[in-house]
Every structure is written in C-alpha cells, then in structure tokens.
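Shared between the two complexes below is subunit A, which pairs with subunit B and subunit C, respectively.
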Partner chain A sequence: MNMGRVHWLYLAPALLMLGLFLIYPTAETVRLSFYGPRSDVFVGFQNYVQAFTSQPMLIAFRNNLLWLVVFTLFTVGMGLLLAVLLDRVRYETVIKSVIFLPMAISYVAAGVIWRFVYTFRPAVAPQIGLLNAIVVALGGNPIGWLIERPWVNNLALIAVGVWVWTGFCMVILSAAYKGIPKEMLEAARIDGANEWQVFLHVTIPFLKSTLAVVTTTMIVFVLKVFDIVYVMTNGAYDTDVIANRMYNEMFYFYNYGLASAIAVILFLAIIPFLVINVRRFRAQEAVR
Partner chain B sequence: MVKRLAVGLLLVGLVAGLAQGAVTIMVLWSGAELEAFQKVTAAFQAKTGITVRVESVGRELPGILATRLAAGNPPDLAAMPNPGQMAEFVARGALIPVGGIVDLTQFPKAFVDLATVDGKVYGIFISADLKSLVWYNPDALYAEGLAPAHTWNELLYITETLAARGKTPWAVGLESGAASGWPGTDWIEDIMLRTAGPELYDKWVNHEIPWTHPAVKRAFELFGAIVRNEAYVYGGTTGALSINFGDSPAVLWDKPAGAYLHRQATFIKSFIAGAHPELDLDRDVAFFVFPPIDPKWGTPLLGAGDLISAFRDTLEVRSFLQYLASPEAQGIWCGALGKLATNVNVDPGIYPDKLTAEAAEILKGAEIFRFDASDLMPAAVGSGAFWKGVLDYVSGVPLDRVLADIEAAARAAYGP
Partner chain C sequence: MAEVRLNEVTKKFGGFTAVDRVTLEAQDAEFVVLVGPSGCGKTTTLRMVAGLEEVTAGDIFIGDRRVNDVPPKDRDIAMVFQNYALYPHMDVYNNMAFGLKLRKFPKREIDRRVREAAELLGITDKLKAKPRELSGGQRQRVALGRAIVRNPKVFLFDEPLSNLDAKLRVRMRAELQELHQRLKTTTVYVTHDQVEAMTLGQRVAVMKDGLVLQYDDPQTIYDHPANMFVAGFIGSPPMNFLEARLMEENGRLYVQGKGFKLLVPEERATDAVRGYVGKDVVFGLRPEDIRTPEMVREQQPGRAFVGKVRVREPLGDELIVYADCAGNEVVAKLDPHLAIQPGQDVTFLAAMERMHLFDKETEQAIR
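Coming up: the complex of A and B.
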C-alpha cells in the first residue's frame, strides 16, 4: 500500500524529539571536540592526541579497564551464584530483598556511606570507620583504604559499585533461572549428572542470553562510572576514571574541547556493547 | 480599546517594576557563612527595598555557573571561587567591569590588582583571609618548655624536639572532598614566597618558570621534610591525607594534646571553636606568623579573599555592589565570621575577638602580600594538577615525577 509521504508526518514528532535531544547534542559534542578550550579555535585532532597520551588520561583508561573486568566479573558472577543458591533457601525473598536494597540508593549516597566505612583515623585515636575499627579490633593497624595505590583504593571503589549492582544482576538472573523447566534439571539429575554438571551443562546454556544482556548492561554502566569515584576520591591517588576526567575538564577546568573529545571516545567505546544488546534483544523477539 | 491597552501597559509596567526591584546572587557559602551573608542582604533590603535572592549552590558553583551561563541565564551576580576562575569568565565575555560602579580607592591596591584583567577591574573583594599563620595551644606548647618560632630553624627545632620526646609536632589535614590537597598548596606557596621571593613567585604563578625549576622543587622539599615525615605528623602521611582540613586542628586542644602546631588561614578559628566549644578563644588559642626562611625575603604574607563579580549591569546590581563594598556591609559580614575586611575604612572594633583583630593588624602591616597562587593559576593547574600533585607527593610519589606531571598539565593549560 502506498501511503505517499504521510508516514513522515506521523514520524515527525518522534524525529523532532530525537533530533533535538539526541542527534543535535551528539553532533555538537563531536564538533566541539575539534575546537580549543573555549570552542573558538579549530585545533584538529589535538584534543584526541591529548586524551590518548596525557598521563592522567592513561591512568583513567587503565582504571576503567580494571573496573570493566573486576566489576563485571563480580556483579554478574555473584548475581548468578546468589540466584542459583538462594533458589534452594527458605527465606529467599527476604534475603533477595536485602541484597537488592542498595539499588534503591543513589550512587552519591552510596559513595558517602562507604566513605564512612573506609574512614581512616590514626592508630592512637578511636576508629570511626567500620572497616578500620574491625582491623584494629583484630590487632592490625588502620589502613588508608582510599589512599593505598594502586590496588587497595581502586578495589575499594569497585567494591562499592559491586555492592550497589549485585542485587540487580541477581534479580534478573533469578527470574531467568526460575524459567528453566524443572523437568530438564530433574532429567539431568536422573541421568546421573552431579550438581556442578547440571549447573554447567543445563543452567548456564539456558541462561546464556540473559547473562549476555546483564553483562552488557554492566559493561555499559561501568564505562560510564562517575559518581562513586567523584564523591569518594575525585580521582586522587591514581583512581581516576574517564567520566570523572570528562566532568573535571568540562566543569572545573573549562576545557570544553578536551571534555568533548573524552565524551566522544567514551561514546564510541560504548557503542559496540549497545549493538550487542540490541541484537540480542531482536533475536529474542524473533524467537517469540 | 485604547483604555484597555493603557490598563494592559500599566499592568505590564507594574509587573516589570516589581521584577526589577530584585537581584539574584549565586554563592558557594553554606552554614555560618550563608547566614552571615543573609544578614548583609537583609540590611541591604531594609535600606533600599531591593530584594536579594541568594542561591547557595555550594562547591559545585563553577559547574552550575558555567552551565547557566551557557544557557544564557546567569545570575545577576556571583561569588567567584578565585581570581583565576573570574579571569575564565572574563575571557568568555560574561562579566561587567566594576570600575565605574564602585569607588575602588576604598581598597588596598593589592586587592584591586588581583581583580584586574587587561587593565579593567571585574570584581570586588568583600573580605580576606590571612593564610600565613601557625596555630598552637599556648598551654600545651609552653608545658613542653617551647615557645612560638620566629625563624625557620626555631620551627624545625620545635618539630624535632617534640618528635624526639615521642610526641607528634604537627596536625595536618589535606582532605577536602573533591578539593583535597589545597591545604598543602598553601604550605608550598608560603614556603615559595620565603625561599624564592615575590618576583619568582609571580613568575611561577604565570608559568614563566617551569614546575621543574629548582626553586619550586625546593619549596616542595621543605614542605615534604615536615609533612612526609611519619613521626612529625598526626597519623603519619595517611593521617594527613585522610583527615579533613576542618577537623585536623582539633587534636591540638585534646587532653593530652595529639599535636602541637597547625598551619592554616584565619578562617580555621571557627572550626576550632566548633570542635572545642569550651575554649576561651582569647586565652586558649593563639597563632604566630609562619616564620621567614631565607632572611633576604623577610616575612611575606599569603592570603585569599571572597570575590564578587557581576554578570548584568542594572541599577539594582550597581546599588548592591556599592553596598557590598561599603564599610557597613563588611562590618556585618566580617564581624559575624571573623574574616578580615578589605575596605580600609572599616572600624577594627567590629572584629569578634582579639585573634581576628590581631590578624587584621598583621595584614595591614604587610610589606609583601601575595594572593594564594593556586587560586590565580588556570583551574586545570591551580584547582587540578597542583592539588593532585600535593596528594601524590605526600602519598609517596617521587618529587621529580610529581613536578613533571604538573608541568605537563600546565603546558596544556597555559597554552603556547
């Protein structure tokens, strides 16, 4: 059926909104990334060169990679473990609610809470941070959790992210796990498979597409991670991440060019994962 | 019809008139500072009938202001975090010159110069802080048989003597949220003024000497000789890096004293009083001026101030700026907070205690006064790489690497 050009009319409102709120800002950011700090001089690829060569940016890239691996591994891994194990526990809903609870807390608040947990006080003074109070009670010396580089402080920050997001992964994976037909698990057990084999050869293949969605969601989040780092260290002691770098360059250092270049790099880094997510989604829809 | 039009116009005029009798000002103050500022605006309102809307946005002010400016919707006036950021807004063409509005002869030349960009003045300092002070608890220090230091060697003697007795000489707090590190920059600036002199200091501010220059290196080293020594600082280096600048001096008045000396600006008095409300400020709290190091340069003073700039030139803005500059407004503001007035006509009787009056006296008698260097540098250096450099250095990164990192940031920020 030929609708003529009428379909454009129906599409217009959506296209207008899309253009105004997505396409225009993206294009403008790309344009600004080729200009100087005040967006008045064309500088070519200079901002990109700086973004890929300056020491603070290299540290930020390294840390984002660390976040990517450790954070994703722990949120998805622990989420999966909890989903499978809690299925056999009587008080499943209660425990799941408690683990999911941090999701309701904003990252800024989570950062503030965990700053208290990590607080350092000298050995001669009473400890006011939970973690160091435990360390001291066990006879140790207080540790500068957010200061000791390069592992302690970065892992301490990642732990906050894991605390917030594990519940999310658990809930999604748990829902998928409950969708596995019980007969299949039983059949496998009757055939002589032990629990580990059931997990590896029945559960995992069944959860594959959900795992992929959860993992890519975590990766997209982790590439954009900002609030936790900004609130807790603002990138000091080599804990900086790309998004915090971008925020500082934009709003504190007024380097619009470099900040835009970093934004574009971040955007490009996230696109592949978005594509994977969309493809998965389409494949799922097709099956239905 | 004509009648209706006239009524309509009248209404429009009335609404516009009401709207005009107001100014908005964005400030970074909260708590006691905000309360004091609201006293100033209330007095102004009572006097002129002009409403002042104060938007307190906290330390996020630079970001929020930049966004509002980009959206074409800046406040009428704003407190500038420092002259360096004021210069950024001037470069964007956002601020109006105040030279023709406020009588600048009421201020010491040093403060007018600090708000000058390319020969035009773009802001007024409504108050100042004196930074070159070492605070102590007289009872605790004298009980150790020690007295305030007048030279660098005496300061080192106190430090070493206390450490040899198993006591901790210094309380240092470098933590300040996203701005962590700034208290250390003040130390280095004070030392730099005393070892390299004001001319080299100015060159350093303008990046006419590199960060790897021996004079800068020496200032860091003298700072590090005290703060990087685990035995000299309360809680060691991790303590210095973890403890908030506002909380850090409290241990001087603990019993027994956790530390004996604390280098910080005049404003720290209110933090001390907050942590130890039982203290009689005139009796229990004292300071001496950060002592000279190289006799050639004497005792220069380091300071900072609260700077107000305007984005719009309206009658109300003019009138508010004039009021903020006046001895009356500064009396309210400085009297409530113990800040030092910049208007030379302010009566010394306004200060709430002897300590503040003493600091005001010291500031007036300054032979050499310099503004906080980190506040004058481009934000990427002065509020970025320099802060981070201090934290890196104190946490153990080799000095040459620290200075090379700051220099790299400076090269990018100052441009060719």
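Coming up: the complex of A and C.
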C-alpha cells in the first residue's frame, strides 16, 4: 500500500467529524451573516454595520468591556490573593473547598440563587432579599441591585460571575504557588526583601505563565458570558451582553443574518486570546 | 565581621524537640561546621541563626546584638542553600545583584561588586545566562556569589555541596576553604558528611537528637571522641566497638573480651579507667590502629589477637580487611602490599596507646 496516502485513511474519521460539526457550521455562519433575516437576500456588510452601530449592540459592547476588565481583574486578583494568603492558614483545604464550591453549581442555579440575594421590594414592604435586608437593617434604603443602571446592576451581575470563578483561579494559582521552592522565598527574605518585595520580585515572576493561562481563560469565558445575564435580567435595564444579544436576535426576533454576524464578531474577538492561551500552555508543557 | 553565639537555644515543633538547649559560639572569622545524621537538628539550628525559624527558648547573638526577634533581612547574614535557590527568571548578574538592589546600593557599586565576585568565582562569562543554562557547579558558584557580594557579617551554608557529583564536591570543598581564607567571614556550615566537616571546620559540632555531643577542633574530635556516637560517626571505616571487661592482674590492666586480652599501656591507666576494673566496658579501636606484625618494627607484649579474614578491599593506597575475631567483626586498615587472603588466620596488633574505652551504660568516653 502507498504509505504516502495511508495516513489520510487514519485521519479521515476525525476530519469528517471536524468538518461536519465544526468547519461546516462555522463556514455556514459566516455565509449567513451576509444575508438578510430569513437568509434569502444577500445584504453585504449591512448586518455588520448594524451590529456596530445599533444602540442595544453598543450597550452590549460596553457591558462586555466592563465584564472583561472588572471580572478578569477580580477573579484573577482575588484568586492570586487567596492562593498566597491561604497557604499560610491552618484550615487551608476546608476554606479552599468552600471557595471552590460555586464552580460545581450551574450558572442558571447561581443566577437563581443571586436573584434571591438581590431581590428588591419597595421600602414599605419587608425585604426578602438578603442584601437589601442587611441594608435596611443597617438603616439604609433598599437598593434595586438589578435595576439601577448602568453601574450597580452590571456590577451586581459581574459579582455573580466572580463568585463562581474565583475558586477556579485560586485552585490553579495555588497549585502553581505550591510549586515555588520554599528556599527561593527564604533566599529572597535573607537577601533583604520584605514580604511585599518577595511577592513582587519572586512570586509573581515565578507564576507568570500560570497567571497568563488563567487570565486568558477568564477572558475567553467573559467574552462569551451569557447564562448569568440571561437568567437574571435577560439584558433588561442596559445589562445586555453580546452573547445574549445574539441569542435574542436568533430566537426572539428570528434575525438569522444579524445573529450570525454577532456570532462571527464574537468568534473573531476570542481567537487572539485562544491563540495566546494555547501557546502559553504549550510553552509550559515544554518546560516540564 | 562578627561572632555568632547560641545560648541554650531550643526549638520545639509541637511536642517534638528538634534542638535541645544548644550552646555554641563561632568566633569572628571562624569556620564552624555542624555535622550529624539527618534529623539531628543541625539544619534547624542554622535556620534559627538565619531567622527562618523562630526560637522556642534561649538566645542567639550576632556580634553584640540579640537577634531572636530580628527578621532575616536585618540580620546581615547570607545563606547558601542545598538546592541553590537561585531566582530562575533572573540572569546570573541579577541573581547576584538582587540583594544589593533591595538595599538601594548605587548602580556602579553593585556593578563593581558583582563583577568582582564573578571574577573571584570564575563565572564572568556566565553573567548573562539564566540559572537553567548552568551546570550544578556553576549554579553553586552563583549562589556563593550572591552571598559574597553583600559582604555580610556571617555566611550560613546548608549542605551546599550535597547536590554535586563526587569529583566536583572535592574541588568545591577546596574552593570554599580558599574563599574563607581570603574573605575571613564568620561561617556556620551544616553537613551530614563527616569528611566535609573534618576538612572545612576549624571547629566541628557533632549533633544528634537535637543535642551537641561534642564541640572541638576536628583533630581533637577524632583523637578523643567524647562518646560512642561521635567515635562511630567520625572516621571511615568507623571505629570498631568490642564488648569487653577491664581486668587487673599483677598491678596491670587488661581489656578482655571474646578472643582477645590486651594490655592497657601504663599512661592510659588513669584513675578514671582504674575505676572500671571488674566492670563491663566497650573497647574502641580505629581501623588504622590495627596492624599486622609485618607493619611494626618492634613488637610489644599484650597487643596481639587473631582473626579470620572474611573480606579484603584493596583501595590502592590502603587495604581494608574485615575479619572475624571469635564472633566479633573487626575492620582494619592495612598496608596494601600485604599478602592477605580471605579465609586466612591473621595475627593483628592493636595500637593500645590509641585505644578508646566507653561506659557501657552511658556510652561516654572513659578517660
């Protein structure tokens, strides 16, 4: 048998699956994004123009940017802080398990839980939401956590995401932190570094590649963020995000063209981070 | 430059006493070695001097200053670790410069010191390299360089040579000695290797179970070990220990055991030794203090015993012989040119003026 061709035989099943379920849908989505709502009229870049200019989409872009910055900063930052601080705590595993627990909950369930926490009743009625109950007990006025735009409600949604994902960042970073030779930290202390300088000059550089992987993973997630917003506000009061926009265009307004265009935009935005992530991961594996 | 003093220093981890009332002092410019088997508390002692472990009780002084509550960075010490603990993301230059930068030395001064140290250690061409590009010996030199550039009051070494291969270890040992002669910095050096302890230490503290069993210059420790542990730990092959009884016949003392009866020389029959007449003791004899008749010019009475050779190990410069003497195993270090074969009965002569006697109960030397 011709050995030059035989490898195609082995690759064929995998390529077939990839082509059928990955490449074809992607190509088809790109094609649809140049057609009208019912995929029958070619409209050129009109869907893209609308995606980048319509008011709801601009709000969604703004919110995604907010998610990108705040969510990533807090999940990675708090994950790192917890990883380093908990390393010195006696009941480390117990506390880490508790912080990691939300990862085991589906976003829909997390959304439902937090809707209860954020529930708002007018000042005259008894507050059944945990947060407002606390606010009122402390003598404040109840706050419409999911209503007050644009900062309170968006940040309240982001907080749910942070609650879910901080544990993940913490666990990955904690594993990397434990890989730091203790003598290296001690050497730095003897060299004259205080705890902050040890952290800045020794710990952070050592964790650099892990931090990069965790950060890009968070960014990829946050660009696609959907479930939390869909369950809790469905984009009301200016809390919409790109992925939720896409879902609504598709399944409420049956605008296949615009939904496809949004999907393509989202896809293109994520690619660079995916590439960074895969490269970093490969580099890390190569070191091992 | 400073002296280091430990006064009744104790370290407990929970209920476990790792270091038990250790009192030691290293004089200014002295090279002191802590040696002992693993778990004897030597590293913990060193880490307390460094400030990496808190002291449970007792005082540590560096110079005139009590440093118990002084953080490591303010103790003016430098430490070299077993695994070097270099910063992997910094090149050699910055590894050495890190401590100086933190102390806000001027750039030119840092540069001068780093280059000087690199010159001294022969790593000038490696200044731009990352630690992972270096061999074990080079990494060790960088770790040394990092300690040297700071010009600290005290060097602390924690088994710095044990990750190197045997040949390199011997060379680095000599280099360390040379370095100390040049810099004259007070040094505390921890090792489990008795050869390192003997060759490097101006004074050696032998530790076991958190206690300092003996603190003396190497030759004194070798010639006059304070107890059976020190006697057995220092020296290779280790000292022979034989169960024996001290007897007196016609005013002369004899050590008698299974298969031997040896005369105690007059000068060794001290009052302390005489006090053990009629009692069981442990008789110690170093392998090199056992000879054969061919090796001595004039034979003295009361020194001979017979053994059947079991194994011979010719090392070129010497011949190690394991013999069976009425059930006791005896190791002797002999002239390599002797025609001794396994299975042969050989007459051995004990250099009794160099014998050791130990109390059977307390294992302390009887002198």
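We adopt the following convention: the second predicted complex is superposed on the first by the 285 of 288 C-alpha atoms of A that agree within 3 Å, B and C clash if a C-alpha of one lies under 4 Å from a C-alpha of the other, contacts with A are read in each partner's own complex, and residues count from 1 in each chain.
Just so we're on the same page, a residue touches a chain if its C-beta (ideal position, glycine included) is under 8 Å from a C-beta of that chain, and two chains touch if they have at least 3 such contacts.
Bear in mind the structure is a predicted one, so any value in this text is a computation, not a measurement.
Of the two partner chains placed by the overlay, neither subunit B nor subunit C lies in contact with A:F267. Using the contact criterion defined above for the overlaid structures, shared-chain residue A:Q50 touches subunit B, although it does not reach subunit C. Touch criterion met: A:F253 reaches subunit B, while subunit C stays clear of it.
With both structures placed on the common chain, the touch criterion links A:I147 to subunit B but leaves subunit C unconnected. In the superposition on chain A, contact of A:R38 is made with subunit B only, not with subunit C.
Of the two partner chains placed by superposition, only subunit B is touched by A:R121; subunit C is not. In the superposition on chain A, A:Y237 contacts subunit B only, with no contact to subunit C. Of the two partners subunit B and subunit C, it is B that touches the larger number of subunit A residues. Interface of subunit C with subunit A (complex): residues 50-52, 71-73, 75, 77-79, 81-83, 85-90, 98-99, 102-103, 146, 150. For subunit A in complex with subunit C, the touching residues are 181, 183-184, 186-194, 197, 201-202, 205-206, 208. Contacts from subunit A toward subunit B in the complex involve residues 38, 50, 54-56, 119-125, 142, 144, 146-147, 149, 230, 234-237, 247-255. Listing the residues of subunit B that touch subunit A in their complex gives 62-63, 66-67, 88, 91-92, 177-181, 234-236, 238-239, 241-243, 251, 258, 378-380, 383-384, 387-388, 391-392, 395, 405, 408-409, 412-413.
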